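Labels run A, B, C and D following the written order; every chain starts at residue 1.
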Amino acid sequence: MDYIYSILTLTGITMIGVMGTYMVTGLTGQFSFGQAAFMAVGGYVSAMLALRFNLPFPLAAIAGSAAAMLAGLLVGVPTVRLRRDYISLVTFGFGEAIISVLNNSAQLTGGAEGLVNIPKRVDLPLVLGSVIGCLLLVACYKNSKYGRQCLALRSDELAARSMGIDVNRLKLVTFLFASAITGYAGVLYAFYAQYLEPGYFNWTVSAEWLIIVFVGGINSLTGAMVSALILSSLPELLRFASAWRIIIYCVIVLIIINYRPNGIFGDWEISRLWKKSAKGEKA
Amino acid sequence: MNAPDQATPSSGHLEVTGLCKAFGGVQAVNGFSFDAKPGEIVGIIGPNGAGKTTAFNLVTGVYTPDSGSVVLDGVALGGQRQDEIARQGVGRTFQNIRLFKGLNVLENVMTASDPYADYNFLAAVLSLPAKRRSDRQAAEKAREYLDLVGLRGLEDDRPEALPYGLQRKLELARALALRPKVILLDEPAAGLNPSEVREFIDLVKRLHERFNFTIVFIEHRMEVVMNLSHKLFVMSFGKLLASGAPEAVRRNPEVIEAYIGEEE
Amino acid sequence: MLQNIFFGLSLGAVYSLIAVGFALVFNILKFSNFSHGGVMSFTAYAGYYAYIRLFDGHVSSSWMFFAVVTTAAVIGALTAVAIERVGFRRLRRNQAPVIYYFISSITLGILLENIITIFASSNFYSYPVFFSSDNLSLLGTTFSVADVVTLLVSSASLAGLLLVLYRSKLGLAVRTVSFDVNTASLMGIDADRVVMATFAMSGALGGISGVFLGMNYSLYPQLGQLVVKGFIASVIGGLGSITGAVIGALLLGIVEVALIGMVGSGWMPACVFVIMLVFLLVRPRGISGVIVQEKA
Amino acid sequence: MRNRGFLVKTLLVGLLAWSSAASAGEIVLGNLQDLSGPTSVLGNAVTRGAELAVDKVNAGGGLKGDKVKLVTVDTKGNVQEAIKAFNRLVDHEKAVAVLGPPVSNIGLAIAPIANEKKIAVLGSFIDPRVTVQENGEAQAAMFLIQPTSTQYAEIIASYANEKLGFKKFAVLYDQSNAFAVSMLKPFKAYIEKRGGSVVAEETYTKTDKDYRAQLNKIKSAGADVLYIPNYTQDLVITVKQAKQIGLNLPMVSGLDAAPPFATLVGDPEAANNIYFANNFSDKEPQLTEVRNAYKAKFNEDPINKAYLGYDKVIVLLKAVELGGGASGPQIIAGLAKIKDVQGTTGVISLSPKTHQPVGLSMVMYKIENGKYSEIGRYVPESHK
């Protein structure tokens, strides 16, 4: 069972990380190409606090997410002022910069050799609970004025400004929220895997998350989550194909992008099911 | 933040003087002035490329004017951000219809009132009662606006799936939700068929009666211009060519001259 | 100092080949084409196998380099055209948002990299030495023949590219399409063919870069990940501008070498990030200064 | 929506399928390697070596009549994948022991799970923390089959310092590579303890491909010798570029400079005056058989990681015998008893205290004008 547990746990953590990408890229249309860096910040800060100052896990978790948010502020403030085209570059550069800082501060972070002996504080139930909790927060966010305004600005930034939306502030708020959530994914990862290394958080992970969001359907949080579930278990499913599995994975992704241009789910959300049934009752 | 639901006749006074804007050597707007008294309906006409839309973009803060002033009820709008200007009561629609894809019809309208919603981040992610109350009220209000423009029952539709005429109406409803003192309409009747145009004229008149806001519109269709405007400004090569009562302007030889080659 | 500038320039020359291949596609379809990395890896190996299986013993050693580079360029062009067919044509038909192209390109990059891994990753391979490995010296700086060849071939291919872009009918079509795909097709330009030709050019440059990377840095499947340098250079250079990309690449090379001298390689990415951010805030148009005002 | 539910179900069923539970009379060895990703060359070589060993054992009737089965899973060089893959090997493939990767990061990440599950992992992860915890106790299930980075780096340092007489060292290493970093610290410590000094310490990271600026700084630092504990591809770049800028220092390195390194450089003048330590001697007779079998099967020369893969199988099977059975705990017990087992890379004994090899010497080589010459096995005084 450990096998299934480990897949589910790591998939759950990926789902939380992907929520960050979904908010920044899916909801707001800002191309986040360094989201995994926030996972690194959350993971490293919480783990270092736990190791060096014996901070209990809940406090470390809060500190980790807060640190990721702070990092988000650092990148977000200049980024929201930039042209849309540059955001992918800046977030990418930030991701690489974080890795170089982690490699360089070997005294604190263990450098390339990694940070070991992180206590195990995370198990499957906690991850599942966290997925549901974070998902509710993000879903409520999407469903509020913030979410509506984000979608508006993604669709047409100029028109959104004309409707009185303070676009820069909105982008920043969303960016910070996304950083905190992704940072929390990093916390969970650190205290599950008990080991962190900088190389794990490079741009290929951020790219993978983008793929997940787009395969699921850029307009659908449900889609992003289901696609995270499928795409992060798919390689396990394809183990029989050994080295070919990544190729099969890529081909499946290509087919979906080409033949379901709005992703698997388009803009369908699972919440419509009960909204619809509620309407049906009224009628 | 709360703008009044109904503009009192004493607000919505828009004064634009000596507006200039050049794009890389091309003087798009060159010392253009106009004014709209509270509750007035003002038309701006002129040949294509005269700089009318640019003038709107300067008023709404899309571009910053090179010189000149824009004053709304005694407050200078120049130098303010686009969203700040909008929240002070300047609503607008676009020549080429810019609705929000990815939001349904109702949400499109709600978005324009969202900047006034007074719940915070925490209330949003936790879906606290304050948020739910505010959103419910906003939705109700939005339905009311949709009702006014005749889009009732289409709340859940995708805006891009609506016929062209309805998209124009939806843009209008969205501008209403901003609770504007002045509303700028950029060629609102473009692309409508004759019966839709007549309907549209009635709609604008109805809305004007109801909200009593100031309206400034750009239009080529003479039917709309003559039916709606209290006052007319003619723009040519970025400058004010003529202004005054619609009938007088219409007979102005200079204006006719400017339009030759434009309309056969 | 002079020596370091030279190192920076020759590094920048390699980056600029990558950046231009990258910028060409950006120019037309407005997205960052990460499959270019896959093309570079792929052609680096293709050139190697062409050498081992076809040329070795049949082509005289003085022509060997050109035979290999030409083969790689041709294969690169074909690969890129195939990539366009598989990954982008349908998206273009559906008028999909730019971001989908990007996702598609990343996926294709991963795909190519892993195909190579399957066929060529139980051992190390390397190109033969094409040139005398002697050093030349000039004005107190030393440099190798390989450097000079890199610089020459880079400049020649870029000059050739500019010639095509600005002096040929195809180039005119490419520039028109890059301005606006829809208008171009209204004007009777066959957009499909132009896009294909652009990918072919970009792929050929990718092939040349691939051989250089393989030659200078040895072969491994992840070689193409150097595409990120092209990404940085071409974005700083000013989205899709060819000359901007070249200048951006040369600057990146010089800045990297200078930073290694000043703060060490470890902190280099962090410093590059800060410099990039400041630059973009101060000059949001990029180096080339082309900017499109959004119309209301 | 129906087909979506179907998709999820298929997924779950699929995850459980393809598990090939061990049949009776079969010993399943897991092989956890990077078959894709940046270290795939190493992982593929280990896998091929291990396959050869398993083929040989099975051709000879298996281990006391039990067939040996090797199940290889890919880690993509990624810690998260490795955790899943390890769990798969143990839970679904019913592996009783696992051949570990030549990558310390992955060793560190799976150590806690392996300890908990009591499944031995025999690997070539040279970071000593993989096998010995901070408190000095051995990691229950983790075993190492080659010298640790400390032993390894000390052998090189000792040879360079005591045999070759170098005093002032320059270092160039990949700061983003755990292997290089772990080879650096003990090296510096050893040199400094012996009164030598590190006069220049330059780094680069994975995405850098031009080291000339760093080498230029080293050139002016007045070092006797340059220490380059990096991966093969990087070494190729280093020596080529060193020659370009006219840096004529002798160099010392790890086994990554072993063949085909000099061939890859392709320039005898660049691949010159380099000393390195390898796991084995080419001359030693036990290699010949494996090399020939490898060539016959794969049509190319093996790189040294292939021999390590071969030895991992040999040692694990020996542990089955010594431990008295093919269960996880028995193999762990057996590994602690490994003594004087003749492998291709040397005579292997594992310390029950540290789970690291004891007295494993390394073979020093020199590359001169692109040609390898063997100097012989070397053990520093302090290791004896």
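Some notes on this structure:
We adopt the following convention: a residue touches a chain if its C-beta (ideal position, glycine included) is under 8 Å from a C-beta of that chain, and two chains touch if they have at least 3 such contacts.
Everything quoted here is computed from the prediction, not taken from an experiment.
Of all chains present, the one whose mean CA position sits nearest the global mean of protein CA atoms is A. With centres defined by CA atoms alone, the chain at the far end from subunit A is B. Distance between chain centres (mean CA atoms), subunit B to subunit C: 47 Å.
Chain centres here are Cα means. That of subunit B falls 71 Å from that of subunit D. For the pair subunit A and subunit D, the distance between C-alpha centroids works out to 34 Å.
Spacing of subunit A relative to subunit B, judged by their CA centroids, is 39 angstrom. Within subunit C, the positions touching two or more other chains are listed as 114, 117, 228, 266, 268-269, 296. Among all residues of subunit A, those that touch two or more other chains are 96, 99-100, 103-104, 158, 243, 246.
The set of subunit D residues that touch two or more partner chains comprises 35-36, 175, 205, 207.
Within the complex, the subunit C residues that touch subunit D are 3-4, 7, 10-11, 14, 114, 117, 121-129, 133, 135, 142-144, 146-147, 213, 216-218, 220-222, 225-226, 228-229, 256-257, 260-261, 264-266, 268-269. Chain contact summary for the complex, subunit B toward subunit A: residues 60-62, 81-84, 86-87, 92, 94, 98-103, 107-108, 110-112, 114-117, 119, 121, 124-127, 131, 134-135, 138, 174, 178.
Those residues of subunit A whose C-beta lies close enough to touch subunit D in the complex are 1-7, 10, 96, 99-100, 103-104, 106, 111-114, 116-117, 120, 189, 193-195, 197-200, 226, 229-230, 233-237, 239-240, 242-243, 245-246, 273. Across the interface of their complex, subunit A is touched by residues 32, 34, 86-87, 90-91, 94, 96, 99-100, 102-104, 106-108, 110-111, 114-115, 117-118, 228, 231-232, 235-236, 239, 266-270, 272-274, 276-277, 280-281, 284, 294, 296 of subunit C. Only residues 35-38, 40-41, 44-45, 48, 175, 202-205, 207-210, 212-214, 216-217, 232-233, 236-237, 240, 243-246, 260-261, 263-267, 269-270, 298, 300-301, 303 of subunit D touch subunit C when the two sit together in their complex.
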